[in-house]
Structures are given as structure tokens and as C-alpha cells.
Amino acid sequence: MEQRQLTCIGCPMGCPITVTMENGQIQSIEGFTCKRGETYARKEVTNPTRIVTSTVRVAGGAAPVVSVKTAQDIPKGTIFACAEALRQVVVSAPVAIGDVVLRNVAGTGVDVVATKAVAAAM
Amino acid sequence: MHDVIIVGAGVVGAAVARELSRCRADVVVLERFEDVCCGTSKANSAIVHAGYDAPTGSLMAQLNLRGSQMMEELSRELDFPYRRNGSLVLCMSEEDRPRLERLYQRGLANGVEGLRIIGPEEIHAMEPNVSDNVVAALDVPTGAIVCPFGLTIALAENAAANGVRFQFDTTVTGFTREQEGWTVHTDKGDLSARCVVNAAGTHADQLHNMVSGQKLHIIPRRGDYYLLDKTTGGFVDHTIFQLPNKMGKGVLVTPTVHGNTLVGPTAIEQEDRDCTATTREGLDQVAEKAAVTVKNLPLRQTITSFAGLRAHEEGHEFIVDEVADAPGFFDCAGIESPGLSSSPAIGERMAGLLREKLSLEPNPDFIPTRKGILNPQGLSFQERQALIREKPAYGRVICRCEGITEGEILDAIRRPLGARSLDGVKRRTRAGMGRCQGGFCSPRVMELIARETGMDLGDVTKCGGQSRLTVGKSKEGV
Amino acid sequence: MKQYDLVIIGGGPAGLAAAVSARDAGVENLLILERDRELGGILNQCIHNGFGLHTFQEELTGPEYAARYIDQVRQRQIPCLLDTMVLEISPDRVVTAMNRTEGLFQLQAGAVILAMGCRERPRGALNIPGTRPAGIFTAGTAQRLVNMEGYLPGRKVVILGSGDIGLIMARRMTLEGAEVQVVAELMPYSGGLKRNIVQCLDDFGIPLKLSHTVVDIRGRERLTGVTLAAVDENRRPIPGTEEDYECDTLLLSCGLIPENELSRGAGVSLSPVTSGPVVDESLETSVPGIFACGNVLHVHDLVDFVSQEAAAAGAAAARYLRGERPESAAAIPVRAKGGVRYTVPAAIHPAAMAEEQVIRFRVGDVYRSCCTAVYLDGERVWRKKRQIMAPGEMEQVTLKRADLLQRPDCREITITIEEA
């Protein structure tokens, strides 16, 4: 039996939720006040994911870097691998919002896309 | 061999350099920091004291009065901010009246003009925020305020324009007496000069003691200050003093030449000659003591607090002379308050001594005036329009709090002895000195410094040395 | 002097939404003045996601949210002057501004919308003792350096203040390879969103120390360390609880202050609580024809509410320009009571209000299991149960116009928190 302590992020209540797991199966979820808390806890212990936002270098642009995000959420465990992969990326200006700057980041199957337009340097 | 090496580019070193540049002489100023005005000169009360406080007959009294008399004319010659706002020394209890009276008598004896003792009614008419408990005050119409950065930088720039060379980032490590003059050892190699001027502020005793058997002992006195937002401008118009005590002139409340309100200092003796860290106790003490003389002080409008060191020498007297047992070595030591006020007179006296010692000839090319960084806020609408048409950089505001434009910052970087750091730009232009304390403008100023000097933005510092503002480009890994 | 019906000061989220709404309400001749090189304001450096759930029903990053509004402004061909600093606004709405190309110039505006945003509280205003080395940044300055200039401000970080920007920067610096050692918060609760505490701190094992502050700063040239201490209920450090941290960077996320220097110059009355203008239901300030919205009015938690408020200001300015002004009686004051720190608006003209008027406010403490309530004089007309309210989140109540019209003698509207 394993217990996981979580803080619900649904509202300022921040309910402390305890999830009891056994062999990877949820045995019980306790401490939530509303349905959102339960849903959050279930997801967070079985398949926690995050959108990762960062920047990548731009070559020949009006700005030295451009902001980016993972197009979908990726497994929480791959956040650092994603950040690491973005260190190597250099995109050429001009960049448009939604341009893919890196495909299948860290083997997640998710692309990283630009979130800002960067014009070519004057 | 140089004629004179001046050690220290604070207000005293700069004043000596400028006065000396009236003569034909090869003068070098050595400064351990990256810029002028980095020690005591940058963190003080910014007051031009009238000269009533120093013991009658002392060199301190003489140079204070002379400096105070020179300052206004100098501010016109060298174009730095100065205002004769007048001072009031408050007496808060009947028991202290004799001390106020003595101060008045001393002021008269020292030659200070226009002194009067005035009563509460007149005080409150002049300064409504003075405490209701005030019983009398010494009205000192010749008291004034000055921009200490403006003064020091102006003196140094003018000295440089007249041929004095400044060498920064150079620490003096020792002296060797030679047949004719001195070898000055530094971390950047040796230099030699016929005469040396020691203007090393809180370190002046250390330099002196390297060459003389008659030891000096400087005990740094730290003063903590609060600087309030310009929205408090007009809280007081005069500089409001307490009666002086043996540790100094007490906590004052004063407008600055730029319209802020300055409150402080404490007088805390410490071993460390460079540490200007403020302390909780120090800042609390300032607040407590200021509350004695003024009411409803808006300390909530504080935009920064800081501390400075005064180079207090045990004898409490300015030492501006050739060292008796070290010919050709001249001290400007023990220059504590009223050092800023006295600096033009210290420069004059020291230059006189050197002129005599070295039989220097007048410099026929001496340029007595210097133009400061143009402040577009002082121009009329039409003048400002014309300026921007000619130089568009004056149309781009970089520091929004103080309204400082790119044009002013470029001027600060490009002029002789130009700024190379964020603090250098700040002291010359006030960019970053306002209520957001550089939150918005510092990345922009960093960009301008990088662009103008050719250095990488990552190498731009706050104040030289190891004070880099960033540690590298993002994405480079750590 | 050039004439404009409407001049909007600021091209961030508030200014953009106000411009779009004013144009849609029929204001043809309007102009946005923006001091930065591009539109979008602070959103340009807020590269994290979580913006726009209310407005667009999707989670956008700051630059994406800004781009949506910039597109709307472009589609409507609303003119903007970039890199343009407004120096002064006179009470009769003469706007003095400056840029490189036009120089110094003046505009006569029929109406003005203030949308200048806010600034961060700097170290100096916090009175933290110690030295003044390089390496101390407000979180937003560090955010700009990392996200827009591409430079890392430091490698070993302590953060003071658990406002959202501080939390976001804890994660951001971590992802760039810096070590964020701790976030200290003076108050016994965080000023940030729970989601940010979990996803920016907990995800990376960064401790949050509540009721702690920085009591000393060390280092002459670059920061070398800070001392944290626990504080008592009066927020004074408790001797003996000091703990030293070695670090090269201290980030400050200790509150935002509306930037109202221009407003003050125009003679606009400011609230001592919000530091923003006092406005009525039309978001009109004490100076006729000058409106305010967004963070210059009061600091918001979500940009979606900034956009909503700004749209209301744009529409109200349009009504003002059409001459639709309430001639009727004086405004009814809105009083903040019982833990409600302030309200926006602070006064309501019943004749000018919408059918339903949203009143926004913040609370001064954490309140659990309580109610927000609206009173017209002594009579309660609205009440809603709330599980929790916290100072970090903006709250709102709704006032119905019908309720006010039924009570023509009403002299005071009160917003309060009461026991459930």
C-alpha cells in the first residue's frame, strides 16, 4: 500500500488529498471537497501531465529568443528531457505563432510550437 | 615619471585633480573601482554645510566655509545641480537652548553669514512639517544642497578635459621612496611620480601609514539613510538638522536637488572600511530619530535605503598637508563631514601646496567650464522638439520613472570618463534612480551599454568588478 | 494640435481590449499610445500558459493571448504609436507624448482611457537591510531578461514573495538549469494561485516557507547570500530563527503597484488602498472623460478580467463621447466592509449602470465557509456562499439595476463578508 499526498489546484481551497494506491491501482481518494478534486487526483496519480513552456534561440531575428510551448501536455516525467532538448534548438526568423520548432519532443509524440511571432532582423 | 599621482577618484581626488589641471603638469588619478565617485562620495547627505559646526580656527572650519562659498560659482562653471535651500538647526527643548546659542556664536566666529536664532512661529511658517515641540532654531540661509555624483563627475570630467589621466580598476599596494619622488606599486604594475596625493577616503590612514611613522587611525562611521519618492517633494524645503553631538550632526531631513526627500544618517562605528550594508537597527534608528524633528514623515514612500561611510580620523580634523616625515607625499585624510562641502577648498589648498612644491607653471590652455549631460526636461517644448528632430534618441524614454531618454544615456556613455556600468549610467543620468529602481529600464540600459561599448550584454555589470548582472545566455546549460 | 475622439494610454491587454470595444461601439477616431517597441504589454514576457480560459475557453500563453487582441486591433485598423512615451495628461485631456520620429507632440482627446498597467515593488521599498550588490531583481525584470533578452540572471536562486510571477519564475529558472533553493513568503498564506504552487514549486521540490522573510543581504559586487528568518504575527523577524542561504540571485515578488503618475498629474483622485483611480460604474475617474481599466486601476489576478473590464471602459468612453451622460442624481457610494479591502467601482449612478453590474474586490485575509453579501442601506439584496476566499484572488459580486431602481432613496451600497 502506498499513499500519495496531493494539493488540489482547482481553487484557492487547495484541498489536501490523500490517494491510497496498491499495485498501481487506486484504492481510495480522500480529502477532496468537490468533484474537481477527485478528478484531479485520479489524473495526477495515474497520468500526470503538463504543458511545458520555454524559449528557443532565434537566428537572424528581431529578437534573440522566441517563446514556445508543447502543443499538448506531456508526461510530467519528461519535463526536464523536454527542457534539455530545447537547448539545442535554433530556429530561423521569421517565426510565426504555431510554427513547429521541434517535432516529437523527448519521444513524447508531441511537437513544440512557437507562441510568438518573430520578424526577421532588419 | 609623472608629476603627481592622486590616489582616489572620489570628490576630493577629483577636486585636487581639477585644481591641479590649472597648472601645466602630468597628473594621473588612480582609482580602485571602475568609475569615479564609488566610495564615500556617492553615499552621504548631499549637503553643502554653511560652516557653523567645526571648531573655530580649525582647518575644517576654514575649508568648510571656503568650500561653501565656492560651491555656487563652481556649479555654474561645471554645470552640476546645486541649490541654496538654507538649513535650520532645531532645538527641541529649553535645556538645549545654550547649545543652540553656542552653535550660533561659533557660526559667527567661523564667519558664516546671515545666521539668526528664530522661534517656533517663524519655523512653522517656513517648515510646516517641523515637530510642534520645537522651541527654537538656528536659521542658516547659506546652507545648500548639491548632487554629490554631479559634483564629483563634473570635477573629474573637467580635470580630464584639461589633461589629467584617470586609471580605473587599479589598487595601490605600496610606495617606495626614490631619489626624486615616489614609486607607486599597484596591482596593475608600478608607476612613479614626483609627488603623491593620498585621497583614499576610508583607506587614507593605511596609505599614510605605509610612508610615515606618525600614524593616523581612521574609524569608518557608517550612516544609514532612507530616500523617499519624489511624491514627497516639498515635505521640507530647508535641510532640517538636529543639534550636533559628538558623533556628528544627527539625523537630518532634507530635500535633494532632484526633489526627493533624504532622511539619515546614523553614525555607527565599524571596523570594515568598505562594507556599506544597512542594518535593521540602523534603519529603525533613523526612523525613530527623524520623528523627533518632523511630524508625519512619509517613510512609506521609501524608494531605497542605503549606507555610506565617513572617514572619521581620531583627531577629528581635516589633514590636508605634506606628510612631515615623507617629503612629496601629501595627505587628504580624515575627510569626513563636511568633506563634500569642503572639497573645492581642499582641492584648492592641495593644488596650491603642490604648485609650490613642484614650481608648476600655469596651464595656458586650462578650460574652466564643463557642460553636463543635457537634461531635456529643462528645455522648452519647442527646444525639445528641435533637439529630437536633430537627435532622435532624445525622443525615446528609457527610464520611465525619471523620464530619462536614450540621448542622455548615450551622452553618459560616450563622454570622457563615460559610464561603463548600470550604476555609472545611474549616477550620471538618474536612469534607474526612480521609484521602480531600475526594474523596467535596467535591461534597456544594459542593451545600450553593450551596444555602445561593444561588450556582450552578458558582461555588463552593475558597478564593475564581479558585479555582472547575468551569468550567461539562457539555453547554454549550467 | 491633432484631435482624437479617444486616446488610450497603453497597448497592453487593457489598452487593446478597450480599443477594440470602443471601436465596436462606434468610436472612429481613436489612437493607442504604447511605450514599448511592440503591443501586448507585460504579456509578451509571460510565456507560461493559463491565460484566456474565460475569454477564449482555451489555455493560451501570454504572447498568444496578446496576439489575439493585437489581431483584433489590426483588423479594425486602429492606429497605434509604438515606442511612444506619454509625459503628461492635462485635466482637459491634452496628452503630451514623445517618440523618436514625431518628437514631442500634443493631442487633444475627447476622452482618455488610462491603461498603463502596474510595476513591481522594488527591494528599496521593502526596506530589506544589507548590501546592494548585483543579483537582486524583481521577478518581472528577471522574467524579461530570460524570456525576451535570452540571458540567465543567476544560477543559485532564493525568491522572496510567493506572488504568481515569483512562482512562475521559480519554475522558469529551474527549467533553464538554475537551482531555486526556496521561496519565502512574509504572510502566513501564499499570494499566488494554488495551481502555480503545485506546478511551479511542488513539481520541482522547491520548498515554500510561509511567514518568513529576508533579513540580511550579503555580497559586495555580486550577491553571495541572504538570511531568512521566521516572522511573528506582526511580521517582525523572530530572533534565533535565522538561516543562511548561499545564492547569487534574489528574486522579489512582493506586490504590484498601479502606475498612476500620469493619472495624478491629470488630477485624478486615487484610492489609498488600490493606488489606482477611484472610478464609478462607467470606470470613469474623478476627472470627466478620463477612464481607467486593467492593472492601472487595481491589480488583477487573471488577464481575462482585465480584458472584460477594459471592454467595459471602451464602451463607456464611447457612450461618453456620444454625450450619453447620466444627468440624474449623484452617484451612490459603494462601501467596502468586513474584510473587503476595496471595491471597483467605488460609486454607482443607477441611471448609467447595466442591468447587472459586476463589482470586483479583494479580501484582506483568508476566509473559509463564509458569504459575500450586498446591502442597499441596511437591506441585504444579494448573498452567496463561498468555500474560501484569499487575498491572492479577485472576487466579485453582482448588483442588479432593478434592486437599485426599486429603492430610489438608497444612499449607500455595502459589500461585505459575513458568516455563513
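Miscellaneous remarks
Letters A, B and C name the chains as they come in the text, with residue numbers starting at 1 for each one.
Please note the rule applied: a residue touches a chain if its C-beta (ideal position, glycine included) is under 8 Å from a C-beta of that chain, and two chains touch if they have at least 3 such contacts.
All values reported here derive from a predicted model rather than from experimental measurement.
Here the chain at the heart of the structure, going by C-alpha means, is C. Chain pairs A-B and A-C differ in how many C-beta pairs they share in contact, with the greater number at A-C. The distance from the centre of chain B to the centre of chain C, each centre being the mean of the chain's C-alpha atoms, comes to 39 Å.
Between the CA-based centres of chain A and chain B the separation comes to 53 Å, rounded to the whole angstrom. The centroid of the Cα atoms in chain A and the matching centroid in chain C are 26 Å apart.
Looking at chain A, one finds that residues 55, 57, 65 touch two or more other chains.
Shown for chain B are the residues in touch with two or more other chains, namely 474-477.
For chain C, residues touching at least two other chains, in rising order: 146, 148-150, 176. If you check the complex, the residues on chain B that touch chain A are 474-477. Taken in their complex, chain A has these residues touching chain B: 55-57, 65, 86-87. On chain B, the positions that touch chain C within their shared complex are 227, 231, 274-280, 282-283, 302-306, 381, 384-385, 388-389, 392-393, 395-397, 400-401, 403, 435-440, 442-443, 447, 457-458, 461-478. Residues of chain C that touch chain A in their complex: 44, 47-49, 59-64, 67, 146-150, 172, 175-176, 193-195, 197-199, 202-203, 366, 387-390, 392-393.
Within the complex, the chain A residues that touch chain C are 6-14, 33, 50-55, 57, 63-65, 67-69, 76, 79-80, 83, 97, 115-117.
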